[in-house]
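Shared chain: chain A. Partners: chain B in the first complex, chain C in the second.
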Partner chain A sequence: MRNMFAIAKRELQSFLVSPIAYLVTAAFLLISGLYFWFTLNWMVTYRDIPTVRYTVEFMVVVFVFAAPLITMRLLAQERRMGTLELVLTSPVKEWELVMGKFFAGFALYLLMVLPTLLYPLTLEIFGNPDWGPIWSSYLGLLLFGAVLTAVGLLASALTENQIVAAVLGVAGNLLLWFFAGIPTYDPSSSPRLIQILKILDLRQHLDTFLSGALDTRDIIYCLSMTAFLLFVTTRILEARRWRA
Partner chain B sequence: MNEQQRTRIGNILLALALVALLVGIGSLLVERRLTLWNELAFGIAGALLLAFIILEPVRTRTWVTSRQVRYGSNALLMTLALLAVLGVANFLADRHPYRIDVTANRTLSLSPQTIDTLHLFQGPIRVVAFFPGSIGGRERAADLLDQYRYHYPDLQVEFHDPEVEFARAQEWGVTDVWRPTIFIVYGDRKETIHAATEIEITSALVRLARKEKPKVYFITGHGEPALDDWGDFGLSTLKERMEQEGLEVAPLNLLITATVPSDARAVVLVGPLQAMKPEEVERLTAYVDGGGSAMILMDPAIAPEDESPALNEWLEKEWGVSFRQDVVIDIANYAYPMPTVPAASPIATHPVGQGMPGAMVYFVEARSIAQVAPPEEVTETTTARPTYTALIRTSADSWGETSRDELSRIPQEWPQYTEGEDTRGPLDLVATLENRETGARLALFGDVHFCTNVAVKDLANGDLFMNTLNWLTQDETLISLRPNEDIARYVTIRSNLVRNALFLVLVILLPLLVLGIGGIVWAARRVRR
Partner chain C sequence: MIEAEGLTKRYGPVTAIENLTFRVEKGEIVGFLGPNGAGKTTTMRVLTGYLPSTEGTARIAGYDIFTQSIEARRHIGYMPETVPLYPEMTVRGYLHFMAEIRGVKDRRRAVNEAMELCHIEDRANDIIATLSKGYRQRVGLAQALLHRPDVLILDEPTIGLDPRQIIEVRELIRELGQTRTILISTHILPEASQVCTRVLIIHKGRIVAEDTPAGLSQRLQGAERLAIQVARPAPEVADALTAVPGVRAVESAGDGRYEITSTPGMDIRTAIAETVVRGGWGLLELRPVGMSLEEIFLQLTREEPASQEESHA
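Entry: the complex of A and B
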């Protein structure tokens, strides 16, 4: 466990000294801020209900693309530089390495999300928003962040090329975000397939959080998806050991 | 056969098995079911693999016992085991969901009555909602319907935009594309509503769940507008709509029947031109006093002697209410250019008004309704006293004009308010009364024209009539169904200066701050090196 936290700390520190983390965060805050600004104007002009629902939904879409940029280097760089073998021959277990890297990526994700709390704060200053859906939306954002980070980490474990890892991560996220719902629009799809794909569809689960409800189905989905992806990542690293 | 030949044949067998397997999978994906062809392909693949094993037992054994296969199969098994555990967890969560509504006013929680209503259904319920893109409310409706689906998974919901999907809207018979129209279909029955509120949706579901059509009787015999009259002042359009919404409509002549039929869910009296005989009134009042429901619509009396004294006496004594001898003039809210055509929205706190957010109705030369007895606080000991609730109320700039002279000079000269003679507004044009002890319900309207053919399709006039009738004929399970209190939530920024400052902070300064921190860290690192 100590190894895991040491890895997480080291990774986070290396994130915080790399310019890419700041660039990605700044770009994320710029487009999220713009989007929130537009929705704020809409709410003021049309006296619509003050909400961060649409901004949070937009932020998740941004993270579908941004999360792999954070995670692409986590394992791919170690592989490219040959340090992964060194780590794996040390007393560090594969799962400790994977969890350490995951927590580092997730911590950076949290640091990126943290400044966006200014958005609901703005609504509180100039209006009377319902904080229930705001908290549930942010909880959804955190749980989805965990899934997206885990997808990125898995992609990073598959290759030593960071660009390839990023592309694979984006593809994986898009698959969960967009494509899982597509067969539901095909009337010839079997109802069972549609039901299974609906359970896998990220957007379906996000909607509940955004509307102001906490549903065990959505929470279990996010946690189990994260656990499964991290497990597969660990198995891939283990495979390197017995393939050698 | 030498070793080399055996290896070559083995490789060919493996390659052919792979091809057969791919053909089988491809066929399965295209046909989406097991057919003779893909079963044959899988069979061939299996046979080729078996032939390889027989031909190359040493290679097979070496491969099966290799480190890669052992670890690989171990990893695969563990992954499958975890997948199964997580699959079971998700399956159980899906079968036994638990949801917490964290909204302040519990907008995502349905009332127990609604949940009970959903238990009456078996099989799919289809909701086809037409929401114009130009108006809001679709998201809120989707959230609400999602709640229904949470309690009744066999609820299928689809949204369409009638401003875009003309053909589909036409196919479903959407007449007003400017407002939401929601169809709820169960079996071969269909209900139509125009507001996605819990009270509206659940009321529609209650109507769908009923095995028999509720029967509504219209009293005849005193020159009332006829149900089959297609003229301007007939009720044929209203009758058509009532039948479309699952009600059975029948005329009732109280002179030739000793009692109101027992299957009556409500009795409607629409603007009698002659006085009702005392025995008729007696039959009507006996029905209502026994827990029945009645709707009484009265135009201003041309001659007070044409009014039914027995009916007025019953209303005053038993219900503490009367129709005033006036014509309502509203100089603030009226259908231009006639102040005698007052326009208003149903009072939002009334159960009928809750289902008509933002709706407007108008009346033509209406009379006002007065409470003749002082309103009493409803307590546990006084539940026998009918409760009076106004549904449509005029503005404060209105009055009940009583001077026939002044009224006869309209439109050359408009009446003026006369202190001591006229009644100062706000005035009630529609009110409902309820006796909680007997269950009797009464709805009074100070106008008839609003529901006749000439006006019933205007604004929400028809909805007002239908929703009030639904309130009268509702099942007892729905009486206490009230939507959750809706707190007005808004955000107000009046100054452009503040708006610009917010833009500066949220869109410009916040990202710049992050970049600045990044720059400092980068520079500090360079200096350290």
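Entry: the complex of A and C
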């Protein structure tokens, strides 16, 4: 556990001195802020109920592309610099490294999301929003962040090239995002397959969070998906020690 | 203590190391000597538990590196060839982190001690990216010493250093070697003879020779050799020397220098000196010549291609 915190702390410190963290955060806040402003105009013009639903949905879509930019360096960089060899010849277990990296990536994700709480606060000041769906939307954002970070971390474990890790991460996220859509184009796909892919489909689970209807199935989906991805990442790091 | 028994590592069809068996006792500095690609780094990666061996076992301080990996790793200080550092961190920050994941209790003290040992205190708060190669190398070494490990495994510890730093690092290794078990790899032969108490010569993944640097040259010499220099060379010098009992051959190296090969086990030094003095040629220098490690190394590794050709034929 101590190793995990040490690794997470070091990673976060390195993040905060690297320009990429600030670039990604700034770009994210800029475009999500613009989007919120659009929805705000729209809500005012059509006298619609004040909501952050569309903005949060948009933020998740942005993170499908942005999260891999945060996570790409996590393990790929260590592999390239050779520090992976140093860490894994210290008395550190692979899962401690993976969890440490995950929490560092997730913490940065939280730092990026935190300022967007200004959006619902703006609604509170100028309108009378329903806080139920807002909290559930943000809980969804949190849990989706965990899944997307875990996807990116897995991608980062596969290569020593950060660009490759980013591309793999985006591809993985898109796959999860469009899972349910894939077999529906193929009339011959079995209904059971469509059913399974619908469960795996990220977007399906987002909708309930956004509508304010908290469903434990969605929470369990996010948590188990994250756990599964972290488990696979750990196994990838351990694979070098498997005897043929 | 390092114990390796029949270590073999194959990458698919490629055999990187084959059936390596050796021990390194406490207080020993063993040099792993071989050309690039001989399998030195692979052996070290297996010994530190980074890679599993395909066959064979290794124990560090009595712990099996595969089945008791974490315990074994606590006893190892490892400096990989590439000296992995986090360039964006300060020296102190980096060492602090390494101490933390090594489970060091009093990290402040451990970091200060390691920096002092490696003479890097003056750059403690500098960003690693701004350091010269020599400083980075020493930060890498400091990192390996943090948890006061009883076993040190150093892959090419002096590579990329300037001559003064090389001497410093070698001295440091010798100093550390008095109370620890040290395995270093190098492809620089004089380094092995200066630093190590014992040398393992590795070639194409196999140990081809194992002895003390002095013992190796003795073993391979066959005949003893002397080098002399006289002040007033004359044509009859060589003949007079050849006539000395026990001398097998005399070679003139020009400028009054001669190389004398004698029958093993016979000390001909006094006889040679007397001959030169009697002839009035003026003896300037008389010293025994060991075979240098370079020569031994070439001799050991030269045989390999020949035997391969035989097996092809």
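FYI, the second predicted complex is superposed on the first by the 234 of 244 C-alpha atoms of A that agree within 3 Å, B and C clash if a C-alpha of one lies under 4 Å from a C-alpha of the other, contacts with A are read in each partner's own complex, and residues count from 1 in each chain.
By definition in this document, contacts are C-beta pairs under 8 Å (C-beta built on N, C-alpha and C of every residue); 3 or more make two chains touch, one makes a residue touch a chain.
Here the structure is a predicted model, which is why all the values come from computation and not from measurement.
Based on the superposed arrangement around chain A, label chain B with chain C as either clash or fit.
By the criteria stated at the top, chain C and chain B fit after superposition, with no clash.
Is A:V17 touching the first partner chain B, the second partner chain C, both, or neither of them?
In the superposition, A:V17 contacts both chain B and chain C.
Once the shared chain is lined up, is A:T122 touching chain B (first), chain C (second), both, or neither of them?
first
Examine A:R217 and indicate which partner it touches, taking first as chain B and second as chain C; both and neither are also allowed.
In the superposition, A:R217 touches chain B alone.
After the superposition on A, what does A:D48 contact: first (chain B), second (chain C), both or neither?
Only chain B; A:D48 stays clear of chain C.
Name the chain, either chain B or chain C, that contacts more residues of chain A.
More residues of chain A are touched by B.
Could you tell me if A:W131 is touching chain B, chain C, both of them or neither one (first, second, both, neither)?
The answer is first: A:W131 touches chain B but not chain C.
Classify the contacts of A:V92 with the two partner chains as first (chain B alone), second (chain C alone), both, or neither.
After superposition on chain A, A:V92 lies in contact with chain C alone.
In Å, how small is the closest CA gap from chain B to chain C once the two complexes are overlaid?
So the smallest C-alpha to C-alpha spacing between these two chains is 6 Å.
Considering only the contact definition stated at the top, list the common interface residues of chain A for chain B and chain C.
Residues 17, 242-243 of chain A touch both chain B and chain C.
For the complex, give me every residue of chain B touching chain A.
32, 67-68, 71-72, 75, 78-79, 82-83, 86, 89-90, 93-94, 97-105, 107-108, 136, 143, 146, 150, 487, 489-493, 498-499, 502-503, 505-507, 510-512, 514-515, 517-519, 521-522, 525
Which residues, counting only chain A, touch chain C once they are in their complex?
Interface residues on chain A, with respect to chain C: 2-3, 6-7, 10, 13-14, 17-18, 81-93, 240-244.
Looking at the complex, which residues from chain A come into contact with chain B?
Going through chain A, the ones touching chain B are 16-17, 19, 21-23, 25-27, 29-30, 33-34, 36-37, 40-41, 43-44, 46-50, 115, 118-119, 122-123, 126-133, 135-136, 188, 190, 199, 207-208, 211-217, 220-221, 224, 227-228, 231-232, 235, 238-239, 242-243.
In their shared complex, at which residues does chain C touch chain A?
So the residues of chain C touching chain A come out as 10, 45, 48-54, 70-71, 73-74, 76, 78, 80, 82-89, 93, 97-98, 100-103, 143.
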